[in-house]
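Each of the two complexes below includes subunit A, the first together with subunit B, the second together with subunit C.
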Partner chain A sequence: MIDIMLIIALALFGLAVLITLFRVIVGPSLPDRVIALDMIGVILISGIATISILLETKAFLEVILILGILAFISTIAFSKFIERGVFIERKRDL
Partner chain B sequence: MKSNDVILQAVTKIVVFIILTLAVYLFFSGHNNPGGGFIGGLVLAAAVVLLILAFDVNTMQRALPFDFKVVGALGGFIVIATGFGSLLFDVPFLTQTMGEFDVPFFGEMEFSTVTIFEVGVALAVVGVVVTIILSISKDV
Partner chain C sequence: MIVIANILVVLLISIGVIFTVVAVIGVLRLPDVYTRSHAATKSTTFGVLCTLSGVFLYFWLIEGDFNIKLLLGIVFLFITAPIGGHIMGRAAYISGVKPSELTVKDELEEVVKQAKKDRTSQKMKSDED
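After this line comes the complex of A and B, so read on.
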């Protein structure tokens, strides 16, 4: 029973990635695309968690942590690019 | 333009330590589980990149006063040195060994020379990744 539920959840996660990919490609503005990319990261994390429940293993938990960190850093980098126009500054004007 | 990113910098100061803890955990879990020097080094480099993003390059260099090219070269040297160290014991190049020792308070612990090799790999990865990030961010 729970296996069927998990597999249905995985299929819905795949559908969600497809819908979000639509927003990444045609998204009218840059912030839409950035938020859609962040959402793909969150959906991937949920999918990996579901897979690790389905396979009854702990081996994928580090993957979840690393994906979370990378999604966080990439969102910060993109939002800084939108705000300032540069990713990395040499010297900050204070 | 005066910039105001108090929240970003305050969050970064906490999150960097979480990332560093994860890096150390991944480094030591590489003995029997997924992990190891390479992705430990990559996560360490991610922490440094987060510092660079939230502050700037000069502040990061003041906090971590290393020349990252030298760090990468030191890592490569450690890797090669552990390889040649095995020649001193009349075994083939890059042979690794391990042993169990009785440590007070911790009980039986297992130490292996692969850890030194992995330290070299991690240092090389950190040095190379941060050098790449710093040089592609340079103004032309």
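After this line comes the complex of A and C, so read on.
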């Protein structure tokens, strides 16, 4: 019974990734695309967690941590790129 | 005992899936960047939290393994996902993405304008020095 429910959940996660991919391609501005990419990362995390129950293995649990860190750091880097700010702020005393 | 654990796991993962699907509908249909980031960060974070909690309970109650890595992942996601959404919204506003026409009030406009004016005058002053 739990297997059927997990497969349905995986199908819904796949559908969610597809719809978000539509937003990545269409999205009118750059921040739209970055937010959608961040969301794809988060949906992938829940998909991997579901797969690890389905296969009854603990091997994928490190992937969750690493994907979370990568999604966060890429969002921060893209936001700095979009703001066109300075990456490291220095105080110069002239 | 196993039946109760199974019901708990299924309930948590179902809540996670429902929130994720609602968030995706929001990302597809809402009008501008700010409302879309609202949908994408808040409800997706709650959905993934519920799903990961269900997986954690599955491994704890059924397989008998208290997995600290999964717990660390839950805490990390709970802290970082809203920060990413907030910082992305700020970058979108500063880079000049217009809000949709349905927006009633924009209180940030004057503040950003004043800050830009201050920065340019400060720069001119430091150039003169």
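In this text, the second predicted complex is superposed on the first by the 84 of 94 C-alpha atoms of A that agree within 3 Å, B and C clash if a C-alpha of one lies under 4 Å from a C-alpha of the other, contacts with A are read in each partner's own complex, and residues count from 1 in each chain.
By our rule, contacts are C-beta pairs under 8 Å (C-beta built on N, C-alpha and C of every residue); 3 or more make two chains touch, one makes a residue touch a chain.
Not measured: the values here are computed from a predicted model.
Legend: residue contacts after superposition of the two complexes on their common chain; A:77 is shown touching subunit B, with no touch to subunit C. Within the superposed three-chain model, A:5 lies in touch with subunit C and out of touch with subunit B [touch as defined at top]. Contacts of A:50 after superposition: subunit C is touched, whereas subunit B is not reached. Judged by the touch definition given at the top, the superposed model places A:64 against subunit C, while subunit B stays out of reach. Of the two partners subunit B and subunit C, more residues of subunit A are touched by C. By the touch criterion defined above, A:24 reaches neither subunit B nor subunit C.
62, 65, 69, 72, 76, 80, 84, 94 are the residues of subunit A that lie in the contact sets of both subunit B and subunit C, per the superposition on chain A. Within the complex formed with subunit A, the subunit B residues making contact are 1-3, 8, 15, 19, 22, 26, 29, 33-35, 39, 43, 46, 49-50, 52-59, 133, 137-139. Taken in their complex, subunit A has these residues touching subunit B: 59, 62, 65-66, 69-70, 72-73, 76-77, 80, 84, 87-94.
Those residues of subunit A that touch subunit C in the shared complex are 1-2, 5-6, 9, 12-13, 15-16, 19-20, 22-23, 29-32, 34-36, 38-39, 42-43, 45-46, 49-50, 52-53, 56, 58, 61-62, 64-65, 68-69, 71-72, 75-76, 78-80, 82-84, 94. Only residues 6, 9-10, 13-14, 16-17, 20-21, 23-24, 27-28, 33, 36-37, 40-41, 44-45, 47-48, 51-52, 55, 58-59, 63, 65, 67, 69-70, 72-73, 76-77, 80-81, 83-85, 87-92, 94-95, 97, 126, 129 of subunit C touch subunit A when the two sit together in their complex.
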